[in-house]
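What follows is a single structure, and I will ask about it in a moment.
Note that the chains take the letters A, B, C, D, E, F and G in the order they are written out, and that residue 1 is the start of every chain.
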Amino acid sequence: MEYVIMFISAIFVNNIVLSQFLGVCPFLGVSKRVDTALGMSAAVTFVVALATLVTYLLQGLLVKLHIEFMQTVSFILVIAGLVQMVEIILKKISPSLYQALGIFLPLITTNCIVLGVAIQVVTNEYSFINNVGAANPNMMNLPQAVVFAVATAIGYSVALILFAGIREQLELSNVPKVFKGVPIALITAGILALAFMGFSGLV
Amino acid sequence: MSKKDSIIHDGVVVGISEDYITVEFVNKSACAACRAKGVCAASDESIREIDIPYSISTLAGDYHIGDPVNIILSSSLGLKAVWIAYVIPLAILLVMLLILSAFKMSELIMGLGSVAAVAVYYLFVYIFRNKLSKVFTFSIEKKLSK
Amino acid sequence: MGKLKLISDGIIKNNPTFVLVLGMCPTLGTTTSAINGMGMGLATTFVLILSNIVISSVAKIIPDKVRIPSYIVIIASFVTILQLLLQAYLPSLYETLGLFIPLIVVNCIVLGRAEAFANKHSVCDSALDGIGTGLGFTIALTVLGCVRELLGSGSFFGLKLIEGDGMLAFILAPGAFIALAYLMVIFRKVTGKKA
Amino acid sequence: MKTFKIGGVHPNDNKLTADSLIEVFPVLETAYISMAQHLGAPAKPVVEKGDKVKVGQVIGEPAGFISGYVHSSVSGTVKAVELMPDLAGNPVMHVVIEVEGDEWCEEIDRTPDIKRDIPYSSEEIIEKIKNGGIVGLGGAAFPTHVKLNPPKDKKAEFLILNGSECEPYVTADDRIMRERPEEILIGAVIMMKALNVTQAFVGIEVNKPQAIAAMKKAAADYPQIKIVVLKKKYPQGGEKQLIDAITGRRVPSMGLPIDVGVVVQNVGTSLAVYEAVQKNQPLIESAVTVTGHCVTEQRNFLLRVGTPFSRILDAVGGLPKDAAKFISGGPMMGKAVANIDASTLKGTSAFLLMTEEETKRKQESNCIRCAKCVEACPMGLEPYLLNKLCRAGNKYDELEKEKIYDCIECGCCLYTCPANIPLLDIIRMGKADVMKIIRNRPKK
Amino acid sequence: MKKLIVSPAPHIHSKENTKSLMRDVMIALSPTVLVSIYFFGLSAIKLILVGVISCVLVEYLIQKYLLKTKVTINDYSAALTGVLLALNLPPSSPWWLILIGSIVAIGVAKMTFGGLGQNIFNPALVGRVFLLVSFPALMTDWSIPQSWFREGIDAVTGPTPLAMVKEGLLSGQTIPEIFAANSFTTKQMLFVKMGGSVGEISAVALVIGFIYLLIRRVIKPTIPVTIVCTVALISTVFYLVDPMQYTGPLFNVLTGGVLLGSIFMATDYVTSPMNTKGMIIYGIGIGIITVMIRYFGAYPEGMSFAILIMNATVPLLNKYCKPQRFGKEVK
Amino acid sequence: MSTTIILTIACLGVLGLLFSVVLYLVAQKFKVEEDPRIEQVESILPGANCGGCGQAGCHAFAENVVKAPSIGSLFCPVGGNAVMSKIAAALGQEAVEKEPMAAVVRCHGTFDNRERVNHFDGYSSCKVMSALYAGDTDCRYGCLGEGDCEDACQFDAIHIDPKRGVPEVDVDKCTACGACVRSCPKGIIELRPKGPKNRKVYVSCMNRDKGAVTRKACIVGCIGCGKCAKVCPFGAITVENNLAYIDFTKCKLCRKCYDECPTKAIWAVNFPIRLPKSATEPHTEPKVEQPVEENKEA
Amino acid sequence: MASKSNFTNMVVVLTSICLVCAAILGFVYSVTAEPIRQAEVAKINNAIASVVPEFNNNPSEEVFEVDGAQVYPAKMDTTVVGYAVKIKTSSFGGPMQMMVGFDNAGNIYNTSVISHADTPGLGAKMTDNNIKLRTELVGINPASVNLSVKKDGGDIDAITAATITSRSFLKGVDLAYQVFLKVQSQN
């Protein structure tokens, strides 16, 4: 149940782009093709999950050493390294697979979502989490953290895919010149956010 | 080769060997679509090469080093690649994590265990890499100059 | 290149928000009020200027392949310093900006300027560029904050101008997107820039 | 009652001339016979200025596989063989004949009796049809002998006669079905023999009760031919739709009726086949409806090929004052005439005169995405999307994916669009481009 | 001789045009408008008038002075947006509220996308939801303004049934208790005796409009029917599971904007799918989201949000649900 | 406190070490540099993405020009010689000069010169119209006036004058990208050298009908009489299929043909006004805009 | 421009940059650690100061815990003048922390919101000192009133359109009061 709530919350109620404003740049800029958006979503989800897992463990270390302030620096380094590692591994294990991905998808860059989720997971408190007996019962444990990361990334995916569809349609309509490009994308995102407000209070 | 449902990239032939035509293309990052590309070099672009085996669509004599070509990959293959590279390992990661947490393992073990599971998965992919390379075929097409 | 132009370019020709459309997350996420927007803008400017200076001075010794990671480390360090300073001396601002402070690290503006400008120019020019870009960002965020605050809660820099509440939507997420869109359009119209 | 399953529209049928007998048109003074009477390569003229010709004499020979003979529809002297503008104003080779009397070739049997037995083999039939210059009278004017001679690997199972005449206003097929039902059926039997099929259907729309009755009565003697009553819905007569309605089979994309074992011929074609095979009369005349609300004397005529349009107008009381558009064919598929000095072709089935008010297109406005065009399209296409993709330019891949090549140009979408978007004009343009690309694609 | 007209085929056109369609929708809305004027009197007239005038004016001004394109206000679509926006507001809304709503509806949701037919989201609903989010207090003030007709008819109660339920549940009452406490019966829902937005108070009037639209073939029944069925189905399931916490199907179908929304707003051509398959998925989506928001969300009413959210999926639905093509593909 | 510092240093040190190793591995596998000259060339290009160069767009042009062995094979018509010489400089090569060209509309069947015999009521497009029929005049070679060329031009350089019904080229804006040439279904538009002071002489007609037919359709049509070919001292004019054509590589702008042409199908634009000769000037009768007006056009 | 990369210089440069940065960071951290701690304490102290009568001890140092809530005794010259109770509850947007101060008689002295995640413009109004929800509470004894919003049959005016927040707020006050009672009874 907790996981269900987590998903509903992350996808609809606290959608990462539409209500938390993370990962807006790729959201606005990324492909206008639904196919590519789908692929991007999956890739981002995997990277976010992996990064969250590793940084969660890293945070444990930082806390033990009492150098929590090193969070930002160490997280970003670890995430950047991780993204590169995944690339290398994929290339090593199957060049053709790697090549197919390369043609199909843009590269994944470390952006707000990956770092944002990693930080959120280890610092925020959540009213729907209750880990009885833990130091802070409203903090996530590891599986919760990873599931939360996945849920958040899926929320991102939902927004990205809906948006790609809308963009495909807008491409065929005569949006007034001054609104072409980013402004109309922002307005669409705004109205989408307005619509998603309807989910507030769902969890 | 029909271009329906395909992803098309610009590439340039950089090598021709007995079995392959090697084509180089630029893989852009998510930010590459952004107009600030020039300012923001954080958006990686990497040049990649792919080898394309000769087939009906790529008759050997037709290509020369330096020829601009279109690299074509069907969307469904692209999605398949995404599935193998990201979706399945993600599922393994999650399942492993939940199983281990059911056994009340320590978080460190949980984490390392599930990463290890993913590593094992990738190992399997490695073993089957030759099979995969048969699945993921690309084709190239000469760019028509008007 | 005139020194003044370095600064004005960052504000108008290459305005990071309205023209380059970079760093959208903090732009949208922190501008619920003019003060918050300004705070975020200044915080980013701080990192931008310092990282530009440092990077331009060490650029020569950094091997090509580790360029980006080195910059990241440098930038992240400044962000952490900023975090610590804010926590110590401006705790309330630190709290309102929250997650967006550490995210300065991945803000394309900072890394982008380091890459595109600082590693090719002198320390002094880089500092000016940092000031210009930072100012451009700060102004954009402040204006956006002003608009959202004015429409959303009827006040200006915290000063209540009208009775009652204003249009809540502008304080919430939808208004952020919509207000930014219209500001961008106005900016385009005024500066005559094309899409 | 049968009908096709996808799309369709219901324009007012306006069959003003349904009850007027087919009148034989008076002999002409001059006939202008085009060499481009059929789909495919125009015929090569084989007469010269000064030659004497009789009715039914060959004056043009086929110039390719898809081409056909052209016969003189009058007797007299060839006055000229020259390029003349056709109804669209484009130059086409014409044989101009000064009419002298009405002398027919001897082998033509002009008696009114019906010849029922068919002593010819399949090959002989096809040869006779070819020599008779028969083309489809359903609109496309496709040489009939080509259609009756399908590729070896494809076997026909049914013949379908198209008597649906779904175009508003036009009544030529209705009249011939009422007046000469048996000849039509014999024509069908001949074609069945040529195709070696045992079953034929005649599809007729329900708004022609007398034709249905007449055909049913005649068909009593021909158990292998079944009369099928169809719902009134445009384009019931489109061959893909007709096959769907009658047999439930769907011709595949880019395919032909023969791919599902069917050959479709118009009832008029069937009559022409009868005349050619049984009576040795080549295709030199056909039933033509002259109609329109603004026309004072709406009539059905039996017209010789090569009759100048102006002559026809004279026969119905001249060009009405308020007529603004002169259409050869029906209002949905017919061609607007730009050159009123042109003359009739074998495939001409109707002339329709419309006033500005009836026909003038309204100002186009934005597509409101009402999906009425999608609902109307009998091919299951999305005309609104095709329109947008065509206008966006360079979206040929997408257009192909959206199957623009399937469009049968029926006009349902344009007819129905509340925003008055010239959908079909634009789709036609895009379709032509896409077809060109597809044709130029190297075959594997 | 007069010059002949030459054009490609076809040479005739159906009598329908954009303007006539919009006019038909207006006619279909007239019973609802009349009922609302009867019950809310001057304030309903005022709201609808301000709505229409401001929407048309905003469209005119934007087209004329900002975009400098052809002015198309006489296709009635802006006026229709105005009417629908007005019908979606509480009767006591002040005039400036609907003015802001119109600016958002026409200015933001319609004209920025390029005007009629190009918008992704339903303009009237964007207007309404913007107001709902921006002015929660005003938009949920169901007090009944003065009216000359209504004297003597005292059955029109205060809050909407949905708000009543939400409030009741929040303070721990069960559904039967809430109904009893407010002496609320099913009959009220059919015959107007309840509070609500200007246009949602009479199910009967709305259904009359629906039948008119069907007869005139302006809309197909697919979307409204799927929405209503989905809402009914889901609420039946919940109701059967726990009648103390969840309201029943009849209540859910007849109250709030479900009828107004599904008949007049979910069917908006521009923002709904282009073919039957898509329409069904769209309808089901709206139904599910509506009920979920009603049962679990912060807002008592979910129809507007549900439609807007599904509007966003329409491009995808159009992309993946294609009409049945004629004939198979041959290679 | 100092432990913290030590731990901090240790922690980052380890991370830095790890990271550089990872990066080293990455570096082995990837090249991360696009030829910087491509971007440089792209920044010189006008960025119209018009395809006038025959490439997919400006970026493709830049890529190919950098890779090509010499730049002579590629030319950006929009940027013209100025841009090409800059590119050549950037690539350290010799620029190849090309004569500046501009679009020329070879039909002058204005409303005044050519009667409209019917009224077209389909989608306003030359392509649609020409697919349907010969056109709304008796000249089936002439301009249809629906403005496909105007739509095709990205540079706002060609416009249909609503009073005249045929397009006019704004020579200053025209970049000779050729988009209009490709878009015209009648093949009326030709790229010709801009000429000194924009002066050109050309046959503004495409009608290949016999003289009599042409004359009936349009009063400024070329009737193929061949007088111009005879009078041309440079042999620049050929008459084929009843239509004259002036080869711009041979034409020396002497305007003898212009004076000779009985129908004024030959155009000489942007020349200084010549004083009108006697009242018996042989061809004052056709209602043609005189060169005086042409000067305004420039 | 940058120098050519090889394995050694990559490792050396990146590692040394990391080391230098780390050193600087460690230094800044050690410099700011104290001010940060003080800022945190000041925040609590400010909250305490705003919710209890004047005092002259350092309540942060005398804090004790009851039922998971922190209780800060405010003393004027060793006599307790009131207690500030820090309470955690959850509201519309997530967890929220507040401070409720009582005088010795058990009357609410004042309230203060330390952190919350509610909607700006709606629930966030609870941080405003002048809203009815909070001004009405000042000086009253929770025992004497029905500590719930009027809609639920209580005595308190809710924040317009933010009943949930108001409920949570009042629940927090009530929890704090229970803690206070316990403290009282222990003494």
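To be clear about the criterion, a contact is a pair of C-beta atoms (placed from the backbone, for glycine too) under 8 Å apart; a residue touches a chain by one contact, two chains touch by 3 or more.
Please read these numbers as outputs of a predicted model, since none were measured by experiment.
Note on connectivity: the fewest steps through touching chains from chain B to chain G is 2.
The greatest centre-to-centre distance from chain C, using averaged C-alpha positions, is reached by D.
The greater number of contacting C-beta pairs, out of the two interfaces D-F and D-E, is seen for D-E. Comparing mean CA positions across the assembly, the chain most remote from chain G is D.
Centre-to-centre separation of chain C and chain F, using mean CA positions: 45 Å. Averaged C-alpha coordinates give centres for chain F and chain G that are 73 Å from one another.
Mean C-alpha positions place chain A and chain C at a centre distance of 22 Å.
Averaged C-alpha coordinates give centres for chain B and chain F that are 42 Å from one another.
Contact of a single residue of chain A with at least two other chains is seen at positions 25, 28-29, 67, 69-70, 73, 77, 80, 111, 173, 179, 183-184, 187, 190-191, 194, 197, 200-201. Looking at chain E, residues 4-8, 108, 112, 114, 117-118, 130, 133, 136-137, 298, 318 sit in touch with two or more other chains. In chain B, the residues touching two or more other chains are 5, 31, 34, 38, 42-46, 48. Listed in rising order, the residues of chain F touching chain D in the complex are 117-118, 121-123, 125, 127-128, 131-136, 138, 140.
Put simply, chain C touches chain G in their complex at residues 32, 58-67, 69-70, 73-74, 76-77, 80-81, 84-85, 87-89, 91, 95, 119-120, 152-153, 165-166, 168, 171-172.
Residue ranges on chain D touching chain F, taken from their complex, read 85, 88-91, 336, 338-339, 360-361, 422, 425-426, 428-429, 432. The part of chain F that touches chain G in the complex is made up of residues 1-2, 4-6, 8-13, 15-17, 19-21, 23-24, 27. On chain A, the positions that touch chain G within their shared complex are 67, 69-70, 73, 125-127, 138, 200-201.
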